[in-house]
Every structure is written in structure tokens, then in C-alpha cells.
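Consider the two complexes below, in which subunit A is the common component and subunit B and subunit C are the respective partners.
So, the complex of A and B:
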């Protein structure tokens, strides 16, 4: 192993862990802020560290401190298997975390003839890894619900188990359609396939090539991650908190965070399989590397425009109404963030100028393209997470039997039909 | 009786309804519009930024924190008749009576406690008072403290509360 390969694998592992773990507080905050903005409220916007509130995201860290300091309570009736009762949330959390690790954040780096994957786990069977590890998460739910010796928890666990049984099938079958279409089980190869065009002008994204399988995939993943409109395992109005009724403090927080990691993983899988992953439409990695000067010029123009719009938005919205007596340090925060953003933009411009006019190294170019792809990936990931959240605050819940009905009577036949058609077309086109 | 029968049209059986997706699209359109409008202009969100902004719409009939009124000569208007304590459904008024020495009246409260943690702010004490001595017109809607004892208001505290609406002194006593 060369130094470069060790560096790249360590960097991608750190990136994967950060993307999975640091998005939890952001997602919890986004959920609360988007819920309130949809309902014409403000949401948490006060917590700050030295006047820096970043729109209120600091609130999530205060919540973590609160959950850590809460009383550790064990129900007295749990005699045997307390270790498993404690381990159950960890199983759910780590399964969701591990499933995320197979997602590629950028295209394979070519350094000195070595192909280095920008993936936390450099494996070429990512789809199988995701399906295998992602389904383990429900074991933690079942253990936790069963060992609680609580009717609500048991019902929640039973529902979670049956949900996985009924929705793994359409999920697996729709992913199978994608595997047949892309002819690979490697997430990275799937993204590369999608960087081409379809009918000559459309980007060859999964949602355009396989619309039916895409819808089944999205619906099945909403159900798998227990998000609205399929919150049956912890239906508040029916079975209290479901499987986590008896879990307190950090044990509850592990389940809670596991849900958000699972949602993040589901978003990552959806964008990787059907929304072109880290690619922007019509542009493949090779195109960016071959026309690096053009890419750099476009970046040099678009980065200041985007940052300028962001600063304009921040100066307008990081304020209070004139009727409010104090702005709570928002003005100062805006100033500091504006300076930070402007200097960051200047730094990017200088680096791009240096890369185009002074240095002419293929390695530096490919690293720049990789960083750009990572940014595109994160932006897409966050956009899909916001879609997840928006759906939660739009759609009412399904009843439990309706969820099962939808899964068995509609999604399963639809995904089977789609698989059948896909197979016929693929065999017909490439005999 | 035929004209009394209304047939309610049933929804949800058409193909479009069973598909769910058009309805979800319509719903997302509404919620996204709210989200987009509020994200692009956060100060247009019609909320009160309490506590920096205080409510301005408290009417003069609002039942706020209690106060004991004064007479024109600045003495306590209460005659310790126990009407309010008797009317109180929460049993939160505790009065101890004593003889009044200045000749205005025969009795006055030696101590007058209102446990605001017990109080249900029904206003029956105000209705029951024959001397217009207790009122709830201070407009104070939030009382804060560090211990339970802070919420038991004594006579001096109640006399110190100022009325926000209407007369400052008791209308029953000169």
C-alpha cells in the first residue's frame, strides 16, 4: 500500500464518520426548524455560544448535554437480559451508521495508476452491504421492545418486525431492477452509469430511467426508516413511544439518533441510486478532468455568486423586527460570518487561479474535482433530507393495516412487474 | 321527510385518490410554499418575539395578577370580611383580621396571603368583594420566582401592585 492510498482511505473514513455523525444535530435542528417554518412559527433560534447561534443549530448540542445528564432509569421488572436491553439501541444505531459507510462521496481517484475509492469502506459490493447491514437495525428494535416487558414496547417491536418483513421485499426487488439496469452491485459504478445521457438529452438518472422502481424505492425506504407517513413502530397516538417506551436518557437518545442516521443513510442511498450521486447532471468526472480550465472558470464565477446570495440572505434574515428592543448579537454574528465567508471565497479563488495558471498537475486537478463532488454530494444529501422532513410535516399517518396493505398489495406486485419488464427490455436490447 | 336527506359524496375511491401521489404533491406544494416564504423573509413570520416583544393586546377585562386597592387616604380598602376567601374555589386566600385603630372602619386584614400556585384566576374574589378592595386589573400575566414561597404573595406585595386599567383607588370607599 502506498502513502497516497493510506491517506485517501483514512480521509474518506473520517469524512464518512463525520457526515454520518455530524448530520445528526443538524438534522434534529432542521426537523424542528422546518416543522416550525411550515407551520408559520420560528422554532429554536435562541441558544448561542458567545453570540453565535448559527440559526439555532447550537440548540441540538444543548439537547445532547440534557440527554446525557438525565436520570438513568431501568425498569425494576427487567431481571434477565439487562445487558441486551442496554445493547439494543447501540445495535440499531451502529447498523444505521455502518450501512452509510458503503456510499461513495466522490469518483474513484486515480493516483499513479492506483484506483482509490472515496468511500469509508472501499468495497465494490456496496448494494449488498447496504441491504445486509441496513436490515440488522431492526434487531435492536426487537430486542429493546421484547426485553422491556411492556405491552406498548412489545407491540412496537412486533410492528417494526413486520414492517421490515413486508417492506424489505419491495425494497430489494426495486433495487434488483436497478442492479439489472446498471449491470452492477457497486454504488460507484451506478453513479458513473448515471453520469451519461438518456435519449440523448436527459441526464441518465435512475428516476428518469426507472420511474416506477424509483417511486417504490423511495416509499419502501420511507417505511424502512420509520418516517412519516409510516410511523407505525412508535405511533404516538396509539402505542405511546412504541419500542422505546422504557428506554431513558442516552439509551433513548441512541434510538433517536439511530433514526436520524437511518434517514441520512436512506437519503444517501436514494441520491446514489436514482439521483446521480455526487455527479451534477450531464457532466461526468472525465469531462471535468479533461476541461479543467473551463471547470475552474465556471467555479470561479459561480462560487462568489452563490456566496454573495448567501450573504445577502443572511443580512436580511439574521435580524430582528425593528419593534424588538435587542437583536441579541445577531448583527455581530452576521459581520463575523460575512468576513469568514468572504475570506473563504477569496481563498478558493486563489487556489483555483494557482491550479489553472501556475501548477499543471493532474493530481491536484483530480483532488479539486473530488472536493467539488463531495460538496455536490453533501448538498444533494441535505436537499433529500429536507424532502424527508417536509413529507413528515405534510402527510398524515397511515393506519397500521393500511401500511401493510400498501406494502403487500401494491408495492410488491408493482416492483415484481417492474423487475419483469426491466429484465425483458435489458435482454431484448442486449441479446 | 325526503327533503332532510343529504347525500355526502364519498371520496377516495377514484384511481387518482388511490394513487396517493397527486394528493401528496398538492400537500407538499402548500407546505413548501410556507417554508419558502418564511425562509426568504423570516421577520414576516407573525409571531411575538417574547420576551423582547411584549404583548400589546391585553384588554382591560383581562384577569391578571391580583392587587389590593387603597382608599383615598392611601390606607388599605379591605375590611377583612372573608367574602373572597369564602368564594374562592381554590382555597388560596388566607386572611387574618385585626381591629382597625384609625377610625375609618372596624376591621382590617392583619395579614393577607394569596397562594398564586393554587389560584385558578377565576375572578370570583373580585366579584365577591363588597368593598372593591381586591381587583385583578394589573395586566400582569407572568409571575416568576425561584422557590414556591416566592409565589405566595403577602399583603404588602398585593398593595404594591398597580392597576393597569381603570381607577387606581377603591370605588367603594372614600
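So, the complex of A and C:
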């Protein structure tokens, strides 16, 4: 193990952990803000630290403090198995967290002829890892629901379990048709396959190559992560809070955060398998490395434009109504953030100029491309998380029998049919 | 040394899990013991550098077996007082341990000489397993799938609602 490989593996592990954990407060905030915007109101935007609101993200930290300081209430009727009752949310949370670790954040880094994976867990069977570890998460739900000794919790746990059983099959079968198409079980190789073109001009993304399997995959992942319209396991209009009914304070928060981590993982899997992962369409990693100066010029032009638009949007929106006398430090915050964003842009420009005109090292170029790919990955990840949230606040919840009906009568036959067609086409094209 | 300590930890988990599975009265804790044992077994396979077997172990045993048995436990939802009384449980366990010990020693002696008779493959990944399954072991593989198919058909036949044949009186009516 060289120093470079140790550095890259530690850095990608830290990046994976941060991406999984730090997105939780952002996602909670996004959920509340988007729900508010869908319902024509503003949502949490008042909480601040020294005048810094960041659009309201600070609210999430207040939520965390609230959940930590809440009374740890313990239902008196739970006689045996308290330890498992406490452990159950941790199982759900850690399974979702571990499943995220197999996602590649950027293409393989070549240092001195050594191929280093930018992946928290450098494994080449990521699909199997996701399917295996992701399935453990529901066990926490079932254990917690059973040990609550409560009819609602029991119903919620039974619903979660049977939903996972019925949606694991279409999920596995649709992923199987992707495995046949891409001829790999490695997430990174899947992304590399998708950097080509399809029919000569379309990007070879999974959603264009395998539209049916993509739809089945997205629907099955919505059901696996217990998001609307499949929230039957915690349907509060029917069974109080489902499996979470008897869990309080941090135990509840673990389930709650586990749901967001699972949603994040599901978005990461969706973009990796069917939306080209960390790639932007038509441009592969080799192309960026070969034409590095063109890439740098495009970046030098586009970064200031994006940052300028962001600053304009912030100046327009981070204000109070003219009738309100004090602005509560909003102008100050806008000023500080503008300066920070502008200096960051200047730094990026200087670094890119240095790389193009002064330094001529392949290593620095590939690290720059890697950072760019990580940014693309995070942007795509957030877009899909927003998609998940928007679906939650636009589509009403299915009835339980409708969920089962959809899984067994439509998704399973569709994915089987798609698997059959895929196998025939793949064998027919490359005999 | 690292490998030995990982092995020791995994073995402790597996032993504890399997003992908990046998001795606990409430089925939920048995299921949890089984879960711990299976994850430990997956870890053992990973320690032997066969990643595919490790992941397949977790996928099949945890993702299918434990979840389905948990669904059964949820459906039955047995109360503490309805569980069967087992007064001589530990005596029976001791007796069966004594009964099985000679066979275990025999099995150990057989297994310990097995590696000399088989060629070892560096890493066992999905490709190696798939190629072996569809070349050398294709006949046992297909026979196993027929066995599973017949089990599935049997389950469907048992679960199907019995249609009453219309009796003579009904036919007249």
C-alpha cells in the first residue's frame, strides 16, 4: 500500500460518511421547505446563529437539540427485550448507512499505475452489497414493531415486512436486467458503461437503454425506502405512527434519520444505475483528461456564471418585506456570503489557470477531474432527493391492498418480461 | 494475528447467536440470534477471501430467511403465556450434545484433510461461481431448481382454496 492509496481510501471513506450523515439535516430542512413551498407558505426560515440563516438550515440543528433533550420515555408494558427494543432503530440506521458506502463518487483514480477507487468501500460487487445490506434495514423496523407490544406498531411492522418481501422481487429482477445489459455487478463499471452513446447521439444512460426496468427500479426503491406514496408502514391516518408509535426521543430520531439515509442511498443507487452516476452526458473521464485545457476553460467560464446567478438569486430573496423595519441581519448575511462565494470563485479560477498554464502534471489534472465528478455526483444526488420529496408532497398515500396489488400484479410481471426481452436482445446482439 | 482476532470475534458472535437461538423462549430473540449467527457466517466467508459467498450468505439468510420467519412471528404473535412449557429443555440440549459429539469429531477429521484434495482458487467472485455453476455443476444446479419449483407448486396447491364439488342435493336445486 502506497501513501497515495492510503490517502485516497481515507479521503473517500470520510467523503462517504460525510455525504451520508451531513445530508440528513439538509434533507430534513429541504423536506420542510419544499413541503411549505408546495403548500404555498414559506416554512422554517427564522432560526439563526449570529444572523446566519442559510435559508433556514440552522433549524435542523435546533431540531437535533430538541430530540436529544427530550424525555426518554419508556413504555411500562414492555417487560422483556428492552435491549432489542433500543437496538432496533440502530439496526435500521446502520444498515442504510452501510448500504451507501458502496457508491462510487468519482471515476477510478490512476496514480503511478495504481487504480484507486473513490468509493468508501473499495469493492467491485457493489450491487450485491446494496441488495444484501439494504434488506437488513427492515429487520430493525420489524423488531421494533414487534417488541412495542402494541397493535398499531405490530400492524406497521407487518406491513413494512410484507411490503419489502413483495417489492424486493421487482427490485432484484430490474437490477438483474441492468446487470445483463452492463455485463457487470460493479457500480463503477456500470457508470463507465453509461458514459458512451446510444444510437450515436443519445447518452447511454440506463433510463434510455432500459426504460421499463428503470421505472420498475424507481418505484421499487420508493417502496423499499418507505417513502410516499408507499408510507403504509407508518400511515398516521390509519395506524397512528406504525412501528414508531412507542419509540421516543433519540430512538424515534434514529428511525427518522434512517429513513432519510435510506432515501439518500436510494437516490445514489438510482443515479448510479440509470442516470450516469458522476458523469455528465456525452463526456467520459478519458475525454476530460485528454482535453484538459478545454475542460478547464469551460469550467473557468461556467463557474462565475453559476455563482453570479446564485448571488443574484440570494440578493433578491434574502430580504424582508418593505413594511418590516428591521431586517434581522439578513443584509449582513447576504454580504458575507457574497464575499465568500466570490473569493471561492476567484480561488477556483486561479487554481485552474495555474493547472493549465504553469503546471503540467497528469496527477493534478486527474485530481481536478475527480473533484469535478464529485461535485456533479452531489448535485445529481440532491436533485433526486428533491424529486423524492416532491413526490411525497404531491401524491397521496396508497391504500395497503393497492400497494400489494401494484407490486405483485404489475411490477413483478413487468420486470420478468423485461428480463426476458433483455436476455434475448443481449444474446442476439453479441452471439 | 489480525485474522485470528477477527476470527475469534466472529466465532464468539456466531456461538452466542446460535446458543441464544436455541435457548430463548420467545421466538423473536431466536430470530435475532439467527440473524447474528448468519452475519457472523458471512464475515467468516469474507475472511476466507470469498466475497461472493459472504454477500450471498447475507442476502439469502438475512434478506430472505430471517425476514420471512419474522413475518411468520408477526402473524402468529404468540403471547408469553401461550408458549409451550419446556421443563426439561436444558437436559434435552445436553443429551443431544452428547449424541452429536462423535459425529462432530468425525466431521472435523474429514473436513480438516479436505483442502489437500481440492485446488484452491485465489478469490471467489460472482464470475467464478457463475462459470462453475453453468459448466461443471450444471446438472446438480438444474436438479436443485426443479426441486425448488416442485416445492413452490406444492406450496401453491396447499394454500389454494378448496373448491367444493357440488353435491347431489345442490345440483338438483
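Methods note: the second predicted complex is superposed on the first by the 431 of 431 C-alpha atoms of A that agree within 3 Å, B and C clash if a C-alpha of one lies under 4 Å from a C-alpha of the other, contacts with A are read in each partner's own complex, and residues count from 1 in each chain.
Rule of thumb we're sticking to: a residue touches a chain if its C-beta (ideal position, glycine included) is under 8 Å from a C-beta of that chain, and two chains touch if they have at least 3 such contacts.
Please read these numbers as outputs of a predicted model, since none were measured by experiment.
For the composite obtained by overlaying on subunit A, subunit B and subunit C can both be accommodated side by side without a clash.
Legend: residue contacts after superposition of the two complexes on their common chain; A:135 is shown touching subunit C, with no touch to subunit B. When the two structures are aligned on the shared chain, A:274 is found in touch with neither subunit B nor subunit C.
Residue contacts after overlaying the shared chain place A:185 against subunit C, while subunit B stays out of touching range. In the superposition on chain A, contact of A:143 is made with subunit C only, not with subunit B. In the superposed model, A:391 makes contact with subunit B only, not with subunit C.
Minimum Cα separation between subunit B and subunit C in the superposed model: 28 Å.
Listing the residues of subunit B that touch subunit A in their complex gives 21, 24, 27-28, 30-32, 34-35, 38-43, 45-47, 49, 52-53. Within the complex, the subunit A residues that touch subunit B are 34, 37-42, 215, 313, 316-317, 319-321, 323-326, 328, 390-391, 393-395. Contacts from subunit A toward subunit C in the complex involve residues 80-81, 84, 123-125, 128-129, 131-133, 135-136, 138-139, 142-143, 145-147, 154, 157-158, 161-162, 164-165, 168, 185. Residue ranges of subunit C in contact with subunit A, taken from their complex: 26, 28-29, 32, 35, 51-52, 55-56, 58-59, 62-63, 66-68, 70-71, 73-75, 77, 80, 125-126.
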